[in-house]
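Look at the two complexes coming up: chain A is in both, with chain B in one and chain C in the other.
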Partner chain A sequence: MNTLMRWIGIAVVIFIAAPLVIVVPMSFSTAASLQFPPPGYSWGYYQQFFSDPSWLRPAWNSIYIATMNTLLTMALVVPATFALVRHKFWGKSFANLMMMMPMAVPHIVMAVGYYSYFGELKLVHSKLGVVLAHTCLSVPITFLVLSANLKGFDLTLERAARSLGATPGQVFRHITLPILKPGLAISALFAFIQSFDETVVAIFISGRDAETLPRKMFDSIREEADPVIAVISTLLFAVVFAGLIVPSLIKGLRRMAGGTPSK
Partner chain B sequence: MGLSLSALAERKTLWPWLLLAPLTIYLALFFLVPLVEVVIMSVTEPRPGLANYEKVLTGSLYRKVFLNTFGTALLVTLCCLLVGYPLAYLMSTVSKRAAMGILLLITMSFWTSFLVRTYAWMVLLGNNGPVVWLMQTLGIAEPPPLLFTRLSSTLAMVHILAPYMIMNIYTVMQKIDPSLIRSAESMGAYGKSLFRHVYLPLTAPGIANGSVLVFVICLGFYVTPVLLGSPREQMAAGLIGNQIEQFLAFGLGSAMSIVLLVVTLVILGIYHRRFGLDKLYG
Partner chain C sequence: MSAYLRLAGVNKTFGSFTALGHIDLEVEKGEFVTFLGPSGSGKTTTLMVIAGFEQATKGEITVADQSLAHLAPQERNIGIVFQNYALFPHKTAAENVYFPLQMRKVGKKQGIRKAEEMLELVGLAGFAHRLPKELSGGQQQRVALARALVFEPDLLLLDEPLGALDKNLREQMQIEIKRIQKRLGVTTIFVTHDQTEAMSMSDRIVVFSNGAIEQAAAPLDIYHRPATRFVADFIGESNLLEATVTDAASGKAQSPVLGEVTCGAEGLPPLTDDQAVTLLIRPEHLKLSREPKEGRQNAQMVIETIVNYGDNAVVIGHVGDQQIRVRVPGADVVILKEGDSCHFSWTADAVFVLDK
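Showing the complex of A and B:
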């Protein structure tokens, strides 16, 4: 039983790794279509991606929309999370449920709603429309990450500062904010990624003018399976890889430099 | 005195709602209103009445699509479980370093855009792809078509959703006290019976969490079935997209959306009453 489970487990590791590994060699291929093994290797498709406005524009749109989405989401979610984690009040469980609702509704359902609603508001085919929609969808995950951080916050630190004569504003600036910084950064990152990756709503409302990268990729895969997608996939993959590997490398370096054994 | 006390009480309940107000108004305007609009469209387009629901709930095409959606979601959940359980088990038995390596791989997969992962399966299973190439090398002259079938979309969805299952089960497995297993062994439980009477019940909460999550996400899946699935075996989200984009049948698309939403909410609602929704995504 144990050995069987282990062998299946190893097979699953390969199953999970294979699709992640395969796009990298394909992005350097010289073939005009998806061919494996590639007949030769070159930077051709990378050059194509970085010189083609029909790919670069959606990439910039996505970065812009995700950034705006992050700012708006944080401005709305941070105060709300403080209210929900630190206060007891009438209607709290309702408010909690409200924060989670956008996660429970399938994106296709929201896409139908936005398609018609934003049509009336003249917000389809606009970046503003995509930002407004994405912000709703980013609320739950941002709230979850931030509230987990806030729940672990040691309130005695704030009380100590207050007892030493700090004003509430000073406590927030010098105690609360610095301690919460990593939590705020991570929840902002989650909001950014949520928007950057969101595909379904973007397909329906972004149009040609506010076309996001996932929408462009979706259309391209649907129509012709352009090998440039392998380039974008490799680049996105590299970003994720760097985001996960680099922090642990830095941690390792710090440990070695500091000479303190890990705990 | 009485005044200041009531003022204090008032401030205590008002302050949190003041902090919540911007978000509440925002969600009402940009989340609730569009959702209500879908409900309204479902009973007014093209003319008022319940005709859309009648069609969606009794028409043979719609019944087929909904059945197919449930079947696929069930199959994908089952596959995720069959794939996820052994991997979580492997992770909880190997050395810490190896477990970290696998965890890194799963995290990486999770964070890679599912559009990228869908595309990767297209490359893997394509006519000139590595799987066909391997089959030909092994002597299968004419490999069966792999792409745009039930197989390709199921494989990709399992790959995309498996991390949810694995993480949920692994979290539970990690918390199992090894002395429980040892004492069960010392009392004569081994192999199958140890697994069935000790290990499986202990990991059941993780299985429940993961399964609900995978099933619900799969029910509403749009991108992967549309790009990789067989056009003859559509899922609900794909058909809704068609109704809106191609046929401009807003009423039918909305009615289907509401049916999909109600089913999703019922499942999540049952889950919420038993375990609490916030645990699901934690």
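Showing the complex of A and C:
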């Protein structure tokens, strides 16, 4: 029974991971379009990606939009989360609901809404428009992660700091912020990924000027199935993989060096 | 001597709920005072009002004749040890202890050195660079204590700090806290619901009930001369019996259970004839015997249960509906059986009288 379960588990993992395994070899392919298994291997499409402005521009757009989205989302969500988690006020549950709304409404509905509404405001085909739309979509997940962190925060720590002579500002800077740092980092990361990954709204409103990478990939796969898509997928996969591996690697190295981290 | 910490008519209400009725209390400089009471009795609320985390609805608090009314918690110079220690998880033991000094603009080098000295005083030399999660419960407790004391506070407040420790460690920390408190001479308020802790550590115990002070007195006074029935019941084990005073001059009272009783404990309150009273006899002041004892007052009971603690035992019996508890040396228990009838006896000086 146990071995059967193990084999089922392995089969599920293979099934889920298969796209990754297929995409990586295809990015090194010599074929003119997406083809598996590749007829031969080369760096050709990597060179093409890094030298073709029609790919690089959307890549930079995506990075720019995701960064701006992250900053704006955090600037809105951090204070909102503190207010919603720590204080009682009239209309609080309604405010909570509004924060979560963008998660419940299908992206395509949001996208149509933005398309007509931003058209009036001349925000269609602008980076600002995409940043604003993405911020709205990033709020729920960021809020969820951050409020879970804040709910787990022991308020006695702040009281202790006050009793030891810290003003509310000093408490925030020396105690609350450093302790919440991992939670803030993770929620910011979620906001970034949410924007970087978002396709539906981007297709509707980003236009040529603010074209994001997912939109360009979508156009490309529809028109020509350019293997550069496999290159981008592989690069993104590598970045995420590094993001997961590097922190624990650093921790391990630090431990091997013998010193316990003091900060 | 004038009082160092003074609470005058302190009252605290939350909406329609009165958390503290009218608290008057004076604490001398260097005194170790324990707030004792069941949960919800107002002891922690009083502590939080002193610390400045709750505002008193009415009344005044002064330290060395200075009012605390308009001082924020960080301006009060009061060290607090919280129940869960509240150590900053991202700072090492030394950095935790340095924090109050850092807030007082003491330089890092000098401050860390002072923090390390303080850690040494609480018996944690060599643990300065550990994070809280790398320390045991008892060690975290010591760090919290060092952190609350390093800035030479005017007051030290301890909010049930030993609640999370196991019994042996608890006793060890009781002795340790007392030693450090004596050495530094800091005026201390210790909150607990554990009466043995209160008994063993305090110069004075303040017993709280329902948002009011029932009694404030030295531990042995509280034990032997409780001011109210609540205190008699809450502190130690007790036999409380209804009675009516028959002859106030000679201390005679008539109890439906014990018959005529002579009350002669030290510090008896004044009695009047026909006064309805409650008699208090501690279980350890009663003796069990097969036959009535000469020279003592006697009564008879049926043994119901024997609770053995090893070195001693509590024999619970009843006379009619009244339960009687007798504490006997452990060795005596072997000759007793549940269901036996036996005599119990006492002397006049074991009988204390409370208002009904």
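Note that in this section the second predicted complex is superposed on the first by the 242 of 263 C-alpha atoms of A that agree within 3 Å, B and C clash if a C-alpha of one lies under 4 Å from a C-alpha of the other, contacts with A are read in each partner's own complex, and residues count from 1 in each chain.
The definition used in the following text is that contacts are C-beta pairs under 8 Å (C-beta built on N, C-alpha and C of every residue); 3 or more make two chains touch, one makes a residue touch a chain.
For clarity, every value in this text was computed on a predicted model and none was experimentally measured.
S.K.: Once the two structures are overlaid on chain A, check if chain B and chain C clash or fit side by side.
M.R.: On the superposed model, which is not a single observed complex, chain B and chain C fit side by side.
S.K.: Can A:Pro53 be said to touch chain B (first), chain C (second), both, or neither?
M.R.: In the superposition, A:Pro53 contacts neither chain B nor chain C.
S.K.: Looking at A:Ala166 after the superposition, I want to know if it touches chain B, chain C, both of them or none. Which is it: first, second, both, neither?
M.R.: Second partner only, chain C.
S.K.: For A:Ala83, select first, second, both or neither according to whether it touches chain B, chain C, the two together, or no partner.
M.R.: first
S.K.: Using the touch definition from the top, say if A:Leu157 reaches chain B (first), chain C (second), both or neither.
M.R.: second
S.K.: Is chain A touched at more residues by chain B or by chain C?
M.R.: Touching more residues of chain A than the other partner does is B.
S.K.: Counting only touches as set out at the top, which of chain B and chain C does A:Pro39 meet: first, second, both, neither?
M.R.: A:Pro39 contacts neither chain B nor chain C.
S.K.: Under the superposition described above, what is the C-alpha centre angle at chain A formed with chain B and chain C, rounded in steps of 10 degrees?
M.R.: Between chain B and chain C, as viewed from chain A: 90 degrees.
S.K.: Touch check for A:His174: first (chain B), second (chain C), both, or neither?
M.R.: Only chain C is touched by A:His174; chain B is not.
S.K.: Considering the aligned complexes, could you tell me the closest Cα pair distance between chain B and chain C in angstrom?
M.R.: Between chain B and chain C, the minimum C-alpha distance equals 9 Å.
S.K.: Intersection of chain A residues contacting chain B with those contacting chain C?
M.R.: Touching chain B and chain C on chain A: no residues.
S.K.: Where on chain A does chain B make contact in their complex?
M.R.: Touching chain B from chain A are residues 1-2, 5-6, 8-10, 12-13, 15-20, 22-23, 26, 33-37, 75-77, 79-80, 82-84, 87, 89-92, 95-118, 132-133, 135-136, 139-141, 144, 148, 193, 196-197, 199-200, 203-204, 214, 217-218, 221-222, 225, 229-230, 232-233, 236-237, 240-241, 243-245.
S.K.: Would you tell me which residues of chain C are touching chain A in their complex?
M.R.: Of all residues in chain C, those touching chain A are 51-53, 72-74, 76-80, 82, 84, 86, 88-90, 92, 95, 99-100, 102-104, 129-131, 134, 147-148, 151.
S.K.: Would you pull the chain B residues touching chain A in the complex into a rising list?
M.R.: It is residues 12-13, 15-20, 22-24, 26-27, 30-31, 33-35, 37-38, 41, 83-87, 89-91, 93, 102, 104-109, 111-124, 126, 128-130, 133, 159, 162-163, 191-192, 195, 216, 219-220, 222-223, 226-227, 237, 240-241, 244-245, 250, 253-254, 257-258, 260-261, 264-265, 268, 277-278, 281-282 of chain B that touch chain A.
S.K.: Can you list the residues on chain A that touch chain C in the complex?
M.R.: Per the touch definition, chain A meets chain C at residues 154, 156-157, 159-167, 170, 174-175, 178-179, 260, 262-263.
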